[in-house]
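Once you scroll down, you'll see the structures, which are given as structure tokens.
In the two complexes below, subunit A is the common chain; its partner is subunit B in one and subunit C in the other.
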Partner chain A sequence: MKGELLKIEHLTASYGEEPVLKDILLGIGEGESVFLVGESGSGKSSLLRAVLGMENLTVVSGRVLYDGKDITAAGGKQRRELLGREIGFVPQNPAGSFNPLRRYEAQIRDIMGSHGLTWDPEEVTEILEKLDLKEGKKLLRMRPYEMSGGMNQRMAIASAMLLKPRILLCDEVTSALDTTTAARVVKELGMLCTQRKTALLMATHHLGIAARLADRIGIIKDGRMTELGDTDRILTAPREVYTKQLLMDVPRLGRGR
Partner chain B sequence: MQEGMQENCVLRGENIYKTYDRDSSITEALKNVSFYLQKGEILGIAGESGSGKSTLLRTVCGLEKADTGKIFAGGEELPAGDARYAGRYMQMIFQDAYASFDPGRTMRKSLTEFMAPEKSSPGGGSNERILSLLYETGLTADLLDRHPAALSGGQCQRMSIARALLTGADILLCDEITSALDVSTQARVAELLLRLKRQKGISILLVSHDLALISQLCDRVMIMKDGAVLEEGNTREVLERPRSQYTNELLAAARELELPEVK
Partner chain C sequence: MKINTPVRRLFLRAAELIIILLVLSFLVFALMYLAPGDPAEKRLTSQGIAVTKQVLQAERERLGLLRPFLVRYAEWLSGIVRGDFGISFKDELPVSGKLLAGLKNTLILSAGSFFLSLAIALPLGIAGAVLKDRIPDHLIRILSFVGNSMPNYLISVLLMYFFCIRLRLFPVIAAGDLKGLFLPALSLAIPLSSRFIRQIRAELLSQLEEDYVTGLRLRGVKESDIILKNVLPASLGHVLTILALAVGTLMGGSVVIETIFRWPGIGKLVMDSIKARDYPVILGFVLIMGTIYAVINLLADIAGGILDPRTQKKGE
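== the complex of A and B ==
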């Protein structure tokens, strides 16, 4: 496959004895957007954690390749160089991304500084604006505890995108947002990623968001990728029974009672 | 029966105002909100975060006290801000079901505590009632010995519905009760609400920001913004021919995330 940025090869991983990922095969091209859809506990977040090299997850077999290099067991310095600048991450719980008591500005400055980037207020407010956070200057002077979960979530997306990663990993980033905000944020995030040719690997149970942003969708169930294909094909001509069930369970406007 | 109260009206709010005084600035959370709910009906309340929809539910069930306005249930006016009194008619179901239960208690303990005293006869009577409600809410008896953390999100939400019905109340006030759940679990809980409405005549106020869910479940819908009701009516009519610009905007956002039809 051309320009494959991230490649997951037959990955099996476990928490302790419990296998959570089973023989996962997935390649993501430069600038491509792939969504992992499944229920909670299906393993979609674990797949992100495996790419990030989170310590409590043990890789039993298989590999993770980034830009052709095996990063499955990368640690220390090599891992630090990858995370942030190359592979960005927005966790599900936005409160976990920030110190609740420090102003955003100080925290985002620190994050940028530690990756050797300079703080450019124009650039920062522009990105906040794109994520529908108006009055960016004022927001940057606020502290996370003063903001709603949804605003914190968008701040976390902004700070990840400011590092200009080549691929952004997102875990359920819209679950704290209401539909209107989710639709806007998703649209803007999609445009931002397209402009910058940032690849996107997003775990979600929201098929509507995947429909809007994904080039391809992978359906995860019980640690296995049960179906993987182009977004349109998955949504309009699913092959697996489980995918069909998922699609049927999504409420649709104007479909009667 | 109160004057003007329709025969099958089980819950009614009249000109409810509610303000919060925080840091010397006053927020108008509810501005002259009126509504009615008929027996066996599901009334949807839609709006974005901050629209006042949750505050309305909390005020109706007495968790908050309205500044002015009246709430009627079962043909009587309810004392303002008295959740215990309102509890004989209605029970609130929250988004975070786990937080609704004591984490250190088994489900059996949590459930029996909330039973209407007159309905828990000595001996096996209360147990039978619990078992039949578990059955009606799609749960099994073995779950009674578990603590909330050992239940799935869907099971825990069903438990909170079962517990609400155990009190003898036949009105449920549901605040985003499916938004923390997976698509499939959400669909099963939605089916449960419809079944309770059809088979037991349960009446429901359903707060949600998900218009697709509302279109699937609700007989009528009320659109709220900044503490005020913008429009109200038959769900299909409101969603097909919205009168307010704001409803149009909500619909546009919902359509953005709408899935194509499976071929």
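== the complex of A and C ==
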């Protein structure tokens, strides 16, 4: 039986009055990849925020369990040790999530140092190479504002994976990228997670991207998980009308029948 | 012709500086011209000479006060360019020598109070931002509010009362040494550091709101790393500007404080010169102070550009 690494139990959460997450139920096993699919504003990003324990989101009821421990209200040192090292995160706007004026090397050193890991340039360039970024040494000397969105995105992924988290949360990794780059980045990310047996929880509005990489897909609409199931099942035998609609919207390439 | 941006910026700012100083010199010269009080009369009475109409007219003639305004201004300006600030009306000694003698002491006092202010304001400003809305933050805010509201001459008198008269730790009249420096420097540093504390705190708080701070926290970066290696250096550019702008306050304040503590600086010289309507000395003082102020702000601007390369990109 697959151990449940992250478990979200009947989670209801809100910004202020209006709940943005309603009774969410989700478990993710060790090394499993789950994609949350929904339109913008559906609550998929909020679900990631709830797991990360971001301050502006209030949990009304329910719990978030990590490795069997309740982390819903974890704060301070406990939260800090969890973030990055256990639960990795690739934000929607990667360039803005780094100090724009500091070189990547300095920032990644700090991130690793904060978790008691030692900086190894070989390891970093190797991971960057896997993400199709050559000349890693040169890139590490650059600052976020000097790089393109796609490069920053991959730097964010690399810096998250260097900490060898057990689960990686990704928020709309593709929104800042053009379709071709997006597909490639997600593929590389998926391969990296498979190699390292890192569980993946990714929020996206692209059912097409989810179809290629997810073990399971959860459909989110208006803060509710309307459907959750194995990728094959969701794609071939969707139960909900909304899921069927989403499937129809996926653009098909080549010989569409 | 292609000149790289930092150098071009420097030239542009230097040209700006010269124009500012020209305008400043003209304004001050005009103000002196329009100000009531007759330097010839002041000089004669201070020498105990009976002032008759004839004697006064002769004295005005001798000091060159009767020639047209613009001629006097042009003459004065051409002297300045050659490093000649003219002759004091009071004792007919060269103005440049008088100013230089006091300038050193004033710079010592200004620098001393400046670094004292920083030593007080940096840790308290950072503490206020990090511990926002907690008890230490409230205490620091009350303290800085009080310090900011009190004029420096009042502070200096209070300090003098406690340290010199009650505790007898310091001499009332500041000899030009380190022990004598402390109280005048502190009198200037208390209001200044109170202002710095608020500005540094506000600047850090606005930096802490930046997205990247959340980004680093979500990666589990230590809070001390976030403050010391990211937020603090990022606010340095703004803080430098704040500090540079304070140099004016500092130099203005030192005039008053030097008089109270009898610190042998340029401020005391200027106070005496104002009383005696010794225009050449006053003009020289304003010009030197204006130059120092403008040059420091120019340097802060350049440093800010180096600290945040993005501002240069925008200027291109």
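Going forward, the second predicted complex is superposed on the first by the 252 of 257 C-alpha atoms of A that agree within 3 Å, B and C clash if a C-alpha of one lies under 4 Å from a C-alpha of the other, contacts with A are read in each partner's own complex, and residues count from 1 in each chain.
In this section, a contact is a pair of C-beta atoms (placed from the backbone, for glycine too) under 8 Å apart; a residue touches a chain by one contact, two chains touch by 3 or more.
As the structure is a computational prediction, the values presented were derived from the model and not from experiment.
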Quick check on the superposition: with subunit A as the shared anchor, is it clash or fit for subunit B versus subunit C? fit
Please work out whether A:170 is in contact with subunit B alone, subunit C alone, both, or neither, and reply first, second, both or neither. neither
Calculate the angle at subunit A, using C-alpha centres, between the directions toward subunit B and subunit C; round to the nearest 10 degrees. 80
Looking at the overlay, what does A:114 touch: subunit B (first), subunit C (second), both, or neither? second
For A:232, select first, second, both or neither according to whether it touches subunit B, subunit C, the two together, or no partner. first
Subunit A residues touched by each partner, larger count belonging to subunit B or subunit C: B
Figure out whether A:158 sits in contact with subunit B (first) or subunit C (second), or with both, or with neither. neither
Touching A:205 in the superposition: subunit B (first), subunit C (second), both, neither? first
Least CA distance subunit B-subunit C after superposition, rounded to whole Å? 10
Which residues form the common part of the subunit A surface touched by subunit B and by subunit C? none
Going by the contact rule set out above, which residues of subunit A touch subunit C in the complex? 52, 54, 80-85, 89, 91, 93, 96-102, 106-107, 110-111, 113-115, 145, 159-160, 163
Going by the contact rule set out above, which residues of subunit A touch subunit B in the complex? 39-40, 148, 150, 175, 178-184, 186-187, 205-209, 211-212, 232, 235-238, 244-257
Flag every residue of subunit B that touches subunit A in the complex, lowest number first. 48-49, 153, 179-180, 182-187, 190, 194, 209-213, 215-217, 236, 239-240, 249-251, 253-263
The subunit C residues in contact with subunit A across the complex are 211-212, 214-223, 225, 229-230, 233-234, 308-310
